[in-house]
Amino acid sequence: MSTLPTTGAAEGTREGPYLELPDRVSLYRFMALQRAVEERGLSLYKQGRVPGSYYDGRGQEATCVGATYALNAADTVCPLIRDMGAHLVRGTTPLAILAHYLGRAGGVGRGRDGNVHLGEASRGVVGMTSMLADMVVVAAGMALAFKLRGEPRCSLAFFGDGATSVGDWHEAVNFAAIERLPLILVLELNGYAYSTPSAAQFPVHPLARATAYGIHGEPVDGNDVEAVFEVTRQARERALAGEGPTLIAAKTMRMHGHGAHDDARYVPAELLAKWEARDPLARQRGRLVELGVDVAAIDAAVAEEVAAAAQAALAMPAPDAASATVGVYAASEPTPLGRGEAPWSGFCS
Amino acid sequence: MSTLPTTGAAEGTREGPYLELPDRVSLYRFMALQRAVEERGLSLYKQGRVPGSYYDGRGQEATCVGATYALNAADTVCPLIRDMGAHLVRGTTPLAILAHYLGRAGGVGRGRDGNVHLGEASRGVVGMTSMLADMVVVAAGMALAFKLRGEPRCSLAFFGDGATSVGDWHEAVNFAAIERLPLILVLELNGYAYSTPSAAQFPVHPLARATAYGIHGEPVDGNDVEAVFEVTRQARERALAGEGPTLIAAKTMRMHGHGAHDDARYVPAELLAKWEARDPLARQRGRLVELGVDVAAIDAAVAEEVAAAAQAALAMPAPDAASATVGVYAASEPTPLGRGEAPWSGFCS
Amino acid sequence: MQLTYLEAISDGLRCALREDDRVFLLGEDIGVMGGAFKVTAGLLDEFGPERVIDTPISEEMIVGGAVGAAIVGMRPICEMQFADFVACGFDQIVNVAGKLHYRLELAAPIVIRLPCGGGVSGGPYHSANPEAWFLHAPGLKVVAPSTAEDAKGLLLAALADPNPVIFMEHKGLYRRVRGEVPEGPYETPFEARTVRDGDDLVVITYGAMVHAAAAAIEQLDGASVRLLDLRSLEPLDEEAILAAARECSKVVIVDEANYTCAIGAQVSALIAERAFEDLDGPIIRVATPDVPIPFAPELERAVLPSVERIRAAITELLAY
Amino acid sequence: MQLTYLEAISDGLRCALREDDRVFLLGEDIGVMGGAFKVTAGLLDEFGPERVIDTPISEEMIVGGAVGAAIVGMRPICEMQFADFVACGFDQIVNVAGKLHYRLELAAPIVIRLPCGGGVSGGPYHSANPEAWFLHAPGLKVVAPSTAEDAKGLLLAALADPNPVIFMEHKGLYRRVRGEVPEGPYETPFEARTVRDGDDLVVITYGAMVHAAAAAIEQLDGASVRLLDLRSLEPLDEEAILAAARECSKVVIVDEANYTCAIGAQVSALIAERAFEDLDGPIIRVATPDVPIPFAPELERAVLPSVERIRAAITELLAY
């Protein structure tokens, strides 16, 4: 199969501790960037400058950043609602994201889609549909292609606890298990699906399903970015070794409402307080401070970058109304997603 | 809720051995009836008198007969492809079934639907759609109604191993598990889904899913009608006691091709030979003979009944073409299914 | 009482839950949350968790579960969180609910509420008008109120109907439209309504486009333009449509749905077949082109039928 | 070579698998079994289980998995065992495949084969003609061959297209229709084809109804009746349709699909809007009424458009 990518995979394995100091700093930086971008988006939303509705992943940064950081350039990612950090790790810029929120022509979605519905194909990222669990199926399909072509690549799909109830989730996981596809399934156990508590989504911890599908299951503290990195890295090794999918259950907490319109009064205040104390940024910041890293400088740089991006995004033009009906169909041979040429991932570049 | 049925449930519990001799004879008779009706249907099909395609449940009679026999009059049943015995236990006559195969006005489906797509609402039976797993969802909905109204009733759905791969199956089982619905799930593990062996439907024995959904799981020899009866009876007790669904995994074998058009050359001959030796009718016949029952007389009566039914069915008129477009919509307040007035079940009547 | 379109639907639900203990609600986040749009707000408190059931995210289960409950005597009302998600419950609607009575003489009196429509920067997944899919599938009824009064009346009529009914409630009208709504139960017939009379031309539409068309007609001077609000798409009030076409001789049809195979196409074809002789000009359609609904207001406005586009179509046809 | 319609599709699949190693097949029982209709018979032996993949019974997975493989460079061809089961994979088709390019500039070049159509006592679940659902959803192409040559040519053109294409293959034509089919790869354009010329009236249709219409026209004497086979429903060959309507001035449209919101409605509406002035009579539609397809031959014959019904429609309109 001559047209297929041959670069970018399998290498990137290091001996010894995988995460060296620059990696650990990067992990923090991406989390800080996610939080700053999302906070800025939220304030723009509250100012009435962001159309539609608004969602963020506050409190869940460690899961999406840590997991995505463990991927290789040629791997593909399907982020979900809470995973802006995944886009950032892959290289999508704060400017492109903020312009996306604002519905500007220069945003990732070119004004066609908004809020968390984004993904840059050139970075191996598939923008989510709204229909929860759709992307788990698509990720399985990508993994199938990798397996069929014998490529050392995997695909990773994020999803919430609520998404596990959708039939598509089951069809994808069952198929991936049968075919032992190189697929990493990251379940974000954040306690709620909109207003519905997890206990109303599954009667048993969903990790039990790993056993029922005959795949590897791995619980992890979803607020510890290094722990998430490590289980994902191992899942990736299994995937590439032909051992099939891994279901990673990352325990975390949705610290905001489902969206900006949702005051989440159905979430007990004590629960939030408990999780506030487990803030993933604070945890990683603590580690870095102990190692003598100037975290305040990172924070300042992040704040500056995001402020500048917001300025630039607001200055961008709206999409041209005449473009609204263009591009429903592709006109030419498509460029496959994620050819692996660019070293966008912080770790396995 | 004054309009709801109050009769027909909960009673019918006996002390001691549940199956008395007349029951054991009945179980045999229903299996023999299923086989005779389906054999007759097949020969009519081969004669070109049955339109469309043709399916039967040869070798699986014990599962559908045994399970359905354990239900009470007020319970509801969703049979699938291999479950003609379920219809017979509920009281659908051989004549109505044969006329159904033939597409006659007097058949169960009134010529609107054929082969295994049938069900008499007045007997608490919902005719299957083709889309596998659809009916598991519908059965869960019926069970929900029973639970909401506090009625001592349950619903039972049959399905094949292949059907467990459909997303709907998962949505139904997960919901039923969460709500602890009075639902009995009878999985007919017959080794194949059309040409696809079970191993290509699930990587792990599907009973493992019972654990993953937090419901009771029960393996059973699907070719032993009394064993199937007993696990179903217990499942029904659990259902009525508020203990939620049971997944019964009935190990059996599809002894014919998927349909009459399918020579099933993909099934190893030795496998069929092994299962031929475990024929469910032979097993029950053996028990009855030991008990001194004149089984030959039963067989003769069954043969005679079916022969007469076939005669009568062939004499029935085709449906009136003018009726083809009538009844797409219901015109009046519907009669709810399975009001429990009629003691059609062999056991709990 | 004066209610918004949204309040009218809530009131209809409350009425139904009070009047008939067979009625219950099934949907995602309809309990504590009161639904994504607060249509069911307060109902959990009044009727409890057995009549206002929060389900897992399982649209096939919501619809098929409702069918199951309905055939044993209940009257479930399902909510899709957005109309768009109905694609996830599609099979149970078209293959189970829609074909049940024809095949089995079993009726499934369920109502499926679809918060639909664009104009709120919902983007490709929160702006759908999927009614044509269900019009093409046999055995389903489909209604689409444009006013608060009809919203409640059609909901209660849908619930009284022994068939599965898809209830298209337009998100854009929820708080924008308000009107006098009778107290207590009443039913609006599944028939078209003449919103305003006229005989030079008739605009035929439904849902939110009734308001866009009314605004377009307001802006014309002099012409006598009739406005027909279909209200029910299945059954389709063919008599009212044909009478309007014959009396006005010029017809503009407006769909907010995507153009191809929308109900507007069906209405046009009906007129072209049965009122051809009375036509004094082409039958003009205004619809959303065949494009996913874009998110940015500039783009969304460019695809949804606007007051201007409708007015232009009317003006051009009047001049024909 | 002379091939049946079914053999032409098989030949197209074989061609594609030989020519392009990105092509693979995904479906239920397509391997050892060769599919329910034997369309893929022999392909497992020639190409192996990595290119002819038997899946679990998971239609969403088949479609969505194909999309995933396509966006990383493969060219999957999906088979639904019967067109009817496409309702079980509906969400992935309309929400993932159809909207991908518009939203993300990602293309999903997949083909979804739907063995469709009635006339074989398949009953309510094995007789579907669901194309209108996909015509109403943006971003999907839909083709529907009526001949063996077009079956292969449209399949290969669908595969070469960078978009998701729904391929409607009519079960009733599988073994009934046969014709000369070129060897090796070739592509049939997504355009209408004039099956026979004429200028008194045009019958517009596609799929199996092309043969019913041709038979109906045969039985007329004298009249000069044109027959247009749409072949592609999306893109719709509007130019060919309008030209035929203008030149013939009388139009009969035949759908095997259920009546409401079928492509026939769209074609009629198109003509009523854009060729109105050239019409010499009402636009007549012949379609299956809005009813599930019944099983018994007596009932099925009563609902599917028959040669007689089509002939009667033509005769009546000619006399208008």
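Annotations
Just so it is clear, A, B, C and D label the chains in written order, and each chain counts residues from 1 on its own.
Just so it is clear, contacts are C-beta pairs under 8 Å (C-beta built on N, C-alpha and C of every residue); 3 or more make two chains touch, one makes a residue touch a chain.
Source: prediction; values computed, not measured.
Ranking all chains by how far their C-alpha centres lie from the centre of chain A, first place goes to B.
Computed centre separation for the pair chain B/chain C is 39 angstrom, with centres defined by C-alpha atoms. Per-chain Cα centroids separate chain B from chain D by 37 Å. Remark: chain A and chain B have CA centroids separated by 46 Å (rounded to whole angstrom).
Shared interface positions of chain B, i.e. residues touching 2 or more other chains, are given as 109, 112-113, 117, 129-131, 165-168, 171, 174-175, 178, 200-202, 328. Listed for chain C are residues 56, 58, 60, 84, 87-88, 91, 95, 99, 102-103, 124-125, 138-139, 290-292, each touching two or more other chains. Chain contacts in this assembly form a complete graph, since each chain touches every other chain.
Those residues of chain D whose C-beta lies close enough to touch chain C in the complex are 84, 87-88, 90-91, 94-95, 98-99, 102-103, 124-125, 132-133, 135-139, 234, 236, 257-258, 260-266, 268-269, 271-274, 276-277, 279, 281-285, 290-292, 294. Residue ranges on chain A touching chain C, taken from their complex, read 51-53, 103-104, 109, 111-115, 117, 129-132, 162-163, 165-168, 193-196, 200-202, 262, 266, 318-325, 328.
Against chain D, the residues of chain A that register as touching in their complex are 1, 3-4, 76, 109, 112-113, 117, 119, 121, 126-127, 129-131, 134, 137-146, 148, 155, 167-168, 171-172, 174-175, 178, 327-334, 336-338.
Touching chain B in their complex are the following residues of chain D: 28-29, 31-33, 36, 54, 56-60, 82, 84-85, 87-88, 120-126, 289-292, 294-303. Chain D makes touch with chain A in their complex at residues 21-22, 24, 50-51, 55-56, 58, 60-61, 64-74, 76, 91-92, 95-96, 99, 101-107, 109, 138-139, 141, 162-163.
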